[in-house]
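Down below are the structures I want you to see.
Heads up, the next two complexes both have subunit A, just with different partners, subunit B and then subunit C.
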Partner chain A sequence: MTTTRRAAVLGGNRIPFARQFGPYAEASNQDMLTAALEGLVARHGLAGERVGEVVAGAVIKHSRDFNLTREAVLGSSLAADTPAYDIQQACGTGLEATILVANKIALGQADSGIAGGVDSASDAPIVVPERLRRKLLRLNRAKSPAERARAALAIRPTDLGIQVPAATEPRTGMSMGEHMAVTAARWGVTREAQDELALASHHHLAAAYERGFFDDLMTPYLGLTRDQNLRPDSTIEKLASLRTAFGTGLEATMTAGNSTPLSDGASAVLLGSAEWAETHGLKPLAWFVDGETAAVDYLSGDEGLLMAPAYAVSRMLARQGMSLQDFDLYEIHEAFASTVLSTLKAWEDPEFCRDRLGLDAPLGAIDRARLNVNGSSLAAGHPFAATGGRIVATLAKLLHEKGSGARGLVSVCAAGGQGVVAILEAA
Partner chain B sequence: MARSDAYTAFVNRGLGQKLAATLGLPQPVPLRRHTPGAPPADGPVLVGGHGDTPAVAALRAGLTAAGVTLTETVPEGTRLGGVVVDLTAAATPADLESLRATLAPALKRLGRCARVVVVGRHPAHASSVAERAARRALEGITRSVGKELRAGATANLVLVTEGAETAALGAVVFLLSGRSAYVDGQVFRVGTADVPADASDPERPLAGKVAVVTGAARGIGADIARTLGRDGATVVCVDVPAAGASLAAVANEVGGTALQVDVTGHDAGARIAEHARTRHGGLHVVVHNAGITRDKLLANTDADRWASVLEVNLLSILRMNEALLAPDGLRDGGRVVLVSSIAGIAGNRGQSSYAASKAGVIGLVDGYAADEDLAARGITVNAVAPGFIETEMTARIPLANREIGRRLNSLAQGGLPVDVAETIAFFAADAQAAVSGTVVRVCGQSLLGA
Partner chain C sequence: MSVVVETLAGMPSTAPLLVRAALTARGRRGSTVPERTLRVDDVRVDRTRLAAYQRLTGYDVGDALPQPYPWVLAFPVQTALMTRPDFPVALPGLVHLENRVTTHRRLDAAEPLTLDVTAGALRPHRRGRTLDVRLEARVAGELVWECDSVYLARGRGTEDAPRGDSPPKAPGGPAVAVWRLPENLGREYAAVSGDVNPIHLHPLAARAVGFPRHLAHGMWTYARTLAALGRGSLGPSTSRVWFTAPVLLPSTVELVRGARDDGVVLAALRPRRDPSNPQVLVAVEAPPER
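Now for the complex of A and B:
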């Protein structure tokens, strides 16, 4: 295939995001992903249709869910001959799925596709300690009664217990928040700036609901019609009164209010070629322009865990011959308010841009009025793999409202020191 | 969909059957409803009437083509699926004897869920007082026969215009069929508009049509979507965003699309029209079904409660229709079907606001049907007025009231949502080009407001 074509974002759907142990406490990833797909299918009239490919994933996953996305497709109204596969790139899963689907469409390998993601922090798999797991496997392998007895007797009361998964980096043993606190301190991000960003997120998201923005982007689920974490009446005083959750002493600026809560939810985005859209009576909202991923060495302490998007954006801009100011809208995932603020500071910092990004001049400041204009994860919540789909659908519709040619930048940080970024342009 | 109430189940089996017969209790039977592929009538249909029966003559070929077996005499040893009595030639009340002579022997030979269809002419078009009296008398006869019939049988009257009898074919076939299971004691007024000759697949009369159904997430609206979809239409299912989960399920079930729009929004009509145009290439059928109740005695009703019912059930329809009936909205030959209610005809204690809105809907039908511009575009406007229908809403009525509501009709049972949907699908078909400005009750001939 030598020529490429443009892939369009045609629409999206998500279920409202719930807080951990909220209304979706007993919903599985498969339940939620199926619900997100069903809403997308209904909105776009795809019942019984074969879609080129469905790509989705979850960060916290049961081993039985090895074929999560395909199982969700089979439980949906899509034609049963719609193929699907799972991916996982931590919080970048949803956006990476979008890039993969868009690329196949661009290459002509697919005419349409659905990118999505789901995560449940409530219906989490329970894991037994590694030592017990090994002993149980040995017991399972045992053939003779004597072997079985030996294997069974090897299990000690002290082996028993369960491990609940946590948002902890396996190689550092530090939580994501603890990592972020280090970066926030390094960039001198203040508590006030973080609380302001969090407050704006809540107010912007509430305003978007008020104007019916999500009427064609969301399908209620299990009685929830809005993101459960949203606090429309939050105030700067309320946020300022919260105790710090990460960091120590003067460097402790991060609270539950300016960090995302553990959440449950799912999202899905419909993509297609212009021709496929035309034959299905669908209007492209935005074109997928480019995507980039980056990773940083956070282990050595050389770079902050969640700073990879700063690098990815720089590389993508260079490839596109664009400047950071060439965008009408910016969607920077609010893992923590300080993630967004550290990234913005880095782009404005001459030293960082010269030494780390290899640029002659800093990428510079952005117009903050164009940042997360309909709120982001601090207000909506952040079911890890579902966030990318939420952002892509929201941005595509926002760009479409602005009119043809409007451009938007997406930036999502991910565990493991990774970052996934992309550019959309209004169709 | 085949929900049956416990009493009906009880009196249709062994002991219950004997008990009900002995005590003279109501004996509802499971109604015959449409199953794809089944012929319209369940058995031969006797045709007869007064004089040279011009309506039967005009309809004979069409009825036969629709799969109805016609007979001139009551056959021995078999039950009749129905009777079509043609009194269009009746000139004076004395001519009504022909109806008695045809119908009386036939009534004893009717099968289960048989149909009596009386065909007459519009009283207003009569050329003499005597003729007018004879024509008006048919309504009284039909309603009385409806009450006399047992075992799920119904009686309805079809009024046709001289020279345009064939336009009534759709109505007569509908009334003979299982699609009209809960339509009883009604008058169907058929005008003179040309009915497209094209005989579409009788199982998919709405093939190629795009239909919008508001309030489609549940209850009667969901069954309207299912029935229109079954009849071949592409259905745009509309409901408030908060009902999106069940709306999506209905839309996916019928292979349509879900549109989350609050019908009271200022741009609801434009959004629906735009969706139908861009997604499906046009709009042929609009069913305004969305409705709410905020029941309270008028003495205790505040302005907000009052306004919300009028807003959703009546004002929103007016506002949406500005866009939906605009030249780039509903296609020529399009269909508008409204949902009134028996409460809008009979009134109901504690339902002043609801009755206001549902009576207002009848006013809309009258007003739109008189609109010459709509008529020139071939757009018809009709309404159904459901009686007691078994829905989640009526399931919440206290048991005693619910039982009374259910039994106070000639069929001694509540209707199903699909019964309302079938009549809406009837109005929506091309074959009903000559049916406009009518309100048909789907009430099993309820005693209320009759």
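Now for the complex of A and C:
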């Protein structure tokens, strides 16, 4: 196959996002992914249908969920002969899944596919300390009673305990927020600017709900019909009154209000070729144009942990011969308000664009009125792998409302110093 | 003939009723079942309990009520009806023979239900007498779910009693799933369902009534099998179950599944050690998912 064709975003579905230990505390990743998938299937009349491939994943995943996505497919009304696989690229999982599905469709290897993601911060796998784990494995391997006794006696009371996974970088021991605080200070991102962005996120998301924007993008789950984290009546004063959570001294600007909360939720996006859409009576919302990933060296302190999307966007724009201002809408994932603001500052900075991106001129400023117009993760919450699907479905529908040819840029930062970005164009 | 509908002030609590059932088991006699419907309005689903039930029976944790779940919700009401002084048969020792459930539309956990329990006639059986019990669930007056159960009150039988529909022949062939049922399954199910019948809890209690060990709840085997057959029974559908032999705990059972025939899927549970002796038969009639 040498020619490629366009892959269309045909629809999306998610369950409302819940805060950690909220209404989804009892639900597993598989339960939530199945619910999101089943809603998508119901809305698009896909019950009993074999879809080319379902690709999804979770960032925090129990080892027994090795086939999480396939299990969710089997629990859904999709035909049982629908193949599936799991991926994991931290918070980039959902968008990366979209890119993978779109690419197979573009290459003619699939006619349709579903991309998604799920995460639970509540139903987290509990891990025993590493020392205890090794001793237990040794006990399990022991053959003779004497070996067993020796192995059992080696376990000390001080070995006991449980560890709940945290959003900490394994190689730095720093939480994502601590990393971000360093970057925010480097770019001089103010507390006020972060709080303003957070407030806009809540107000925009609330307005989108008010106009029924999510009516065909969401399936209620366990009694929730809206994102639990949404505070429609939040004010700048309330946000300003919160204590800082990351950073120290004057450089401490990040609060629980301008950082995303740990969340539970799932999302799914339906993609297909134009022909497949037509035969299934579905209308493309947007075309998938391009995707790019990048990673940065955050270990040396040379670059901030969450700055990789700045690089990925630059490379993707060059490939497409586009400028940063060629977009009608921008969806920049709000891991922290300061992530969005640092990225925007970097794109406007001549030195950064010259020295880091190798550009003659800065990428420049964007029209802030086009940024996250229906809110983003600060208001909706951020179940890591589910965020990409939320953004793709939201943007595809927004672009479709704007009319054919409208273009949108997606940017998602991820743990490990990675970033995943993509371009969609209204169908 | 009109049935008196008696609306209870709230959901009765099961434990004291079961104690009363045990204490009043002897001395119940008669052959007429009082014409009475017990009703409880505004029954709310406790989502934590529902999630525990869904996990134990193999459903995804979600909003749609598993088809047997209203039976679980109505269990205290059913117990209340059967422990009334004028009820002719004793609750302890009743054997669940079969069940037929129709879901008229998907039931959502957010919907408050009105549950009705009505006992039907006593009929002769080879091994005693059978009792029909009818459960109905309504949402805002609309009948959304109905269930007819047949129980056997063991006793002096009637040799030439007319036989009801005999259960269908169990599908054969290889197992499609193997379930290892743990010793504590009855206690786990009792915890999520509130049905604390001792024959499911401990071998000693089961031996007292003539079983070698304690038994899995029939309504657990029914729910677990329905869950394994897919999402069809979450929507408009009818399922039937026949309990033909006890499922002892612990044990390993095999699920066998027949081909869809005339819109009906038939499945059976059989002991791994004795595959020729099916224990539970389930038939589901649901529209195909396509």
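What we mean here is this: the second predicted complex is superposed on the first by the 427 of 427 C-alpha atoms of A that agree within 3 Å, B and C clash if a C-alpha of one lies under 4 Å from a C-alpha of the other, contacts with A are read in each partner's own complex, and residues count from 1 in each chain.
Assume contacts are C-beta pairs under 8 Å (C-beta built on N, C-alpha and C of every residue); 3 or more make two chains touch, one makes a residue touch a chain.
Treat the numbers as computed from the prediction; the structure is a model and nothing was measured.
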| item | value |
| --- | --- |
| Simultaneous placement of subunit C and subunit B on subunit A, clash or fit | clash |
| Touching partner for A:122 - first (subunit B), second (subunit C), both, neither | neither |
| Superposed model, subunit A: greater residue contact from subunit B or subunit C | B |
| First, second, both or neither for A:44, with subunit B first and subunit C second | first |
| Touching partner for A:283 - first (subunit B), second (subunit C), both, neither | first |
| Contacts of A:30 with subunit B and subunit C, given as first, second, both or neither | second |
| Which of subunit B and subunit C A:75 touches, first, second, both or neither | second |
| Partner chain in contact with A:218 - subunit B first, subunit C second, else both or neither | first |
| Stretch of subunit C, among 78-86, 132-140, 168-176 or 186-194, that runs into subunit B once the two complexes are superposed | 132-140 |
| Overlap of the subunit B and subunit C footprints on subunit A, listed as residue numbers | 35, 38, 47-48, 77, 220-222 |
| List of subunit B residues in touch with subunit A within their complex | 234, 237, 241-245, 247-249, 251-261, 265, 278-281 |
| Residues of subunit A defined as touching subunit B within the complex | 35, 38-39, 41-45, 47-48, 77, 212, 214-216, 218-222, 225, 281-283 |
| Residues on subunit C engaged by subunit A in the complex (per definition of touch) | 47-48, 51-52, 60-63, 109-110, 230-231, 288-290 |
| Subunit A - residues contacting subunit C, complex | 23, 26-28, 30-31, 34-35, 38, 47-49, 75-77, 220-223 |
